[in-house]
Amino acid sequence: MLIAMKTTATREQIEAVKEKIFSLGYTPHVIGGAQRIAIGITGNQGKIDPSHFISMGGVAEAISVSKPFKLVGREFKPDDTEISVNGNLIGGRELTIIAGPCSVENREQIIEMADILTSLGIKYLRGGAFKPRTSPYSFQGLKEEGLVYLEEARSKTGIHIITEVRSEETLPIVAEVADIIQIGARNMQNFALLEAVGGAGKPVLLKRGNSATIEELLMAAEYIAHQGNPHIILCERGIRTFETYTRNTLDLNAIPVIKKLSHLPVIVDPSHGIGIWDGVPPMSMAAIAAGADGLMIEVHSNPESALSDGYQSIKPERLKNLLKKIGLLADIMNRSVNLQTNEVNEKIYTT
Amino acid sequence: MLIAMKTTATREQIEAVKEKIFSLGYTPHVIGGAQRIAIGITGNQGKIDPSHFISMGGVAEAISVSKPFKLVGREFKPDDTEISVNGNLIGGRELTIIAGPCSVENREQIIEMADILTSLGIKYLRGGAFKPRTSPYSFQGLKEEGLVYLEEARSKTGIHIITEVRSEETLPIVAEVADIIQIGARNMQNFALLEAVGGAGKPVLLKRGNSATIEELLMAAEYIAHQGNPHIILCERGIRTFETYTRNTLDLNAIPVIKKLSHLPVIVDPSHGIGIWDGVPPMSMAAIAAGADGLMIEVHSNPESALSDGYQSIKPERLKNLLKKIGLLADIMNRSVNLQTNEVNEKIYTT
Amino acid sequence: MLIAMKTTATREQIEAVKEKIFSLGYTPHVIGGAQRIAIGITGNQGKIDPSHFISMGGVAEAISVSKPFKLVGREFKPDDTEISVNGNLIGGRELTIIAGPCSVENREQIIEMADILTSLGIKYLRGGAFKPRTSPYSFQGLKEEGLVYLEEARSKTGIHIITEVRSEETLPIVAEVADIIQIGARNMQNFALLEAVGGAGKPVLLKRGNSATIEELLMAAEYIAHQGNPHIILCERGIRTFETYTRNTLDLNAIPVIKKLSHLPVIVDPSHGIGIWDGVPPMSMAAIAAGADGLMIEVHSNPESALSDGYQSIKPERLKNLLKKIGLLADIMNRSVNLQTNEVNEKIYTT
Amino acid sequence: MLIAMKTTATREQIEAVKEKIFSLGYTPHVIGGAQRIAIGITGNQGKIDPSHFISMGGVAEAISVSKPFKLVGREFKPDDTEISVNGNLIGGRELTIIAGPCSVENREQIIEMADILTSLGIKYLRGGAFKPRTSPYSFQGLKEEGLVYLEEARSKTGIHIITEVRSEETLPIVAEVADIIQIGARNMQNFALLEAVGGAGKPVLLKRGNSATIEELLMAAEYIAHQGNPHIILCERGIRTFETYTRNTLDLNAIPVIKKLSHLPVIVDPSHGIGIWDGVPPMSMAAIAAGADGLMIEVHSNPESALSDGYQSIKPERLKNLLKKIGLLADIMNRSVNLQTNEVNEKIYTT
């Protein structure tokens, strides 16, 4: 249930509603919208009687919620969520471009990539320090050492860092370095980890599991929100189907569906979504055209020698061309790609 | 194997190569490209010795083909195929927009729709007269009567007709009315029907089966081409996955993959692909952005009362708005949407 | 709706109910059970008012039916259907064993196989004369010539023939030879063909499409039954999933589910279901243990040189061993495998 | 690579081979077979030159391994693994029956269930104290309190406890109570947790993820084995497909496939595999007939009021009948179900 307060509701009236909710044994969640405050209720089994609230001062409506997800649902919060990362908004008008290698491979590589991306105006660097791999014998990432290099890349360039957390145990050190903590597809229903990042105080990028339904993705986000962290970015990265030509089947249907069901921003990872480097640019364009709030793209200066996922990585030059086309597409979508440096924008937008 | 002829090859040299192929017990297929002629060979089991051809007059190269599909593959024919329907090209620079109701429901409905679509500049009307349905108790289409109404809609407006063939038996009457014959998803591996349309002398729109791999789709097209009909339009319309929120999972990955493997045009049916009317516009945009050659969209004046697929049909007004956005997107993609009447273009492109 | 007649209902009372149904514009289907007659109604849109029937003479009950399938559903006909093929019952207490090669390859092969199978007591020979193949360049079967050899195998040994129909056009010649007509997985929703076999006067073995739901399989059977042919054997043969180690994923869950929903017999094709020859015996055992009414197994004397599906075919010796184990399992399941010749039974049941 | 030692190899020769492996920078794994010792090598990238080993004393062969899994593969260890739980062997001739409720709901329930199961001769009680649930608002288990009740159930009846671990953090308390630690399907690729249970010193039951391939399941087991814990029981519990009538699609094909690829025991969870209580007995029979080493079945005295998974739980009486049939089937499979108490065996095997 959701208690929508009047625009004129006072602080005391809001507190009174929260007290009432606590007194019934449930948990209140205050949700600030552009216009007015609403108070979500969780912790109930079955329906709550609206008469508890409807005659209280400042209450406009008691709305029963039909979906299993609450805090992340549009019923609870109709306005789009915008997540601020040092003043840069994810989920607003501006499209978010995240780029970088699959793994942090060594110091030089990640510093060089941060330089290149910064010169293209890109504000977010991805790179895995802890790599979950299907085989215990595959490269598992540089771990703590990789985090040090990411930190250095940020200090040097000011780029924001997004990197994956692999376990509760290493969450503290990842959270210290990451501007955005990534939960990988295989951990989407690692509920202990979801709860832990729910308390980590950093925005979270939550990747859809390769056989997770849209509803399961939203329920996983609900676990994070339920721990008090509403700064969640959903990421569509392809689902597992019978098709074997591509690594996954990028489910762009999920974009309009999630946008209807949830207020959270959604970005798309076309690199895992198709798994073939020359399919990345068309699928990037398709994702933005479908309404995604941004992209996460694997980029590598020398894909042939990448320690992981080289086949799906594009080179920086190709990214530069793609950004140009995305800039044009953004205009049509009433979005923008405010790449950071004027010099680059100039280079990119003039041909 | 593919015998690439020199640009200077004479008619006699081409005939000599064909004779040689026949003499080996195989079948030659002359494939005219923009620059030069190539001659494909089918009918062999295993590899053919290139030395049969390499020293013949006019022969540039004998290229062995690594894919199971031949006539529809880019290895055989590198240039994009453009299919002419009364002078309108499908697969060229211009995007193809096909629209109309799922089923022909009655005379008034289909004539009215042809009028509306024509006024929007749309050149292709879809509408099923023979409807394959999961249940024998569901509406199976108006059948012959429906074909009569489609014919009348064309006579009145000049719009081209695309309609589905359900069986070999009814193919002749469908082929008489249809400008493009549609093979539905459930019949994608009805090989007898594929062979029959291969001889029907009309362009064919071949829908991907809901669990067909991309390779199986291309092999199904190969059945048609093998019967001498190269005028094939492939249609991605969603595949069956575990996700139940949407009717199907639209596999836009298939667009860049097919474009690499085959020279045939590919259009996308977002209506079946997502199965939810308000998801159709974003998925239409995504399809074009991914590189599709056109769209097939279900449109109905009164979706609530449609005899089939109402939930995924959009109203004409919404189509009009969508066309406007597609026009803008086409520019970025170096494509165009030359909607037919100037008056409409004007209406559409000025807001 | 289903009108259950009293056990004492007279022929006239039954006729009166049928007349009433016709007069309402619907179609009656008389269904004979062990105890009493019921009359199914199809052709209605929406619910029928039971008061039309409930006070008529001889009527016990008017039962509304909740499932989309009717004639093939247990609600319409609670008793198991047993199909007689020259006096041998499929779907009764006795398990049905069908065996033979994927394709009829030549006269000697099929005659030899009929001899071997007959010597093992097996009553049904499978073998494709018309083979639907993914590629137009693959062996498509011996066609009419193959039918001649099947006919000869039957004349010589008395074994029953089950062979696939590929198209409406060739149905008459297939129906003349086949004791049971097979509809292949790719044609499960070729509704024109389903309707045609519905009128062909022979039992039909209907294979589940590789991405068909159980409900779609039952609706496909309903098409056949709706044309007046109730002699339908359903066949589970594996569905398409993400797993690539096996050719398909044999869905044995379907056995108890179909048994609950439908009165039709269900047999299992473990050869296509797993696609690996040494997986065929365990999956055969599993199918019978799950409650299947029989098996269809690919057998080849020389699998390495089979023209199709050799990798999933077992040799006759292995079949013989398997039959022994199935005989023991049948006892536990309160079933039997009455292999025809005493001599063989003896060989098989004594070790 | 696998170094197979001669049967006559001395302890010193074995040590020398291990030293050699260490000196090359790799890790040796001594694998004791019934006949002779082999030493597996992991840690290499690419092929190892066999000439390092082939002339060493006591070495019979240096076998290169073609599969990505090593320690859990049959190439490394041809003999079936038998896991001892207080002297009871899992994976040997005797079938393992695990039964119990989805969740520990309260003290009385779990003690009563332990009593019932013990009286049926069952040696393993399942019951979740920590329950991973799709929704944060669903019952998450009694947690520590549930472990106390499980401990009490064991003390009282001597039954062995199998319960799920949900996180690395709670592993120590789970490992203290559990005789077998369960890794749930959602955590199959939670590699941090796999590594942690690899060091927990208790046998592990590893459930296949709902979209995990067989190879991925084996690789997940490899993570555990790689940490030094070879006591792994694999569990097939159904995969996610397009079929919606059943909760999952039980993939019994996986049984013969895993048996060929791996030496580990495999048990089947038919309750999750079909998700419908009356489908559990037939699928239990099918699993054993396919070659499974045992079953894990959800049993509840009052399924209608179960806090989780009631719809797929069977009552104890039904389990008793099923055990009777499984006992008969075991005989055919050359297996046994040595249920513990004579009194019960008597009741069960006499009808």
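Residue numbering begins at 1 within each chain, and the chains themselves are lettered A, B, C and D in the order written.
Everything that follows uses one rule, which is that a contact is a pair of C-beta atoms (placed from the backbone, for glycine too) under 8 Å apart; a residue touches a chain by one contact, two chains touch by 3 or more.
Please read all numbers here as calculations on a predicted model, not as lab measurements.
The chains that touch both subunit B and subunit D are A, C. A centroid comparison over C-alpha atoms places B as the chain most distant from subunit D. Subunit C has its Cα centroid 36 Å from the Cα centroid of subunit B. Our note on geometry: subunit A versus subunit C, Cα centroid distance of 51 Å, whole angstroms. Within subunit D, the positions touching two or more other chains are listed as 211, 240-242, 244.
By the touch rule above, subunit B contacts subunit D in their complex via residues 211, 240-242, 244. Those residues of subunit C lying in contact with subunit B across their complex are 42-43, 68, 70, 132-137, 166-170, 186-187, 189-193, 209-211, 216, 219, 222-223, 226, 240.
Here subunit A touches subunit B in the complex through residues 211, 213-215, 239, 241-246, 249-257, 260, 273-274, 276, 278-279, 282-283, 285-291, 325, 328-329, 332, going by the rule given at the top.
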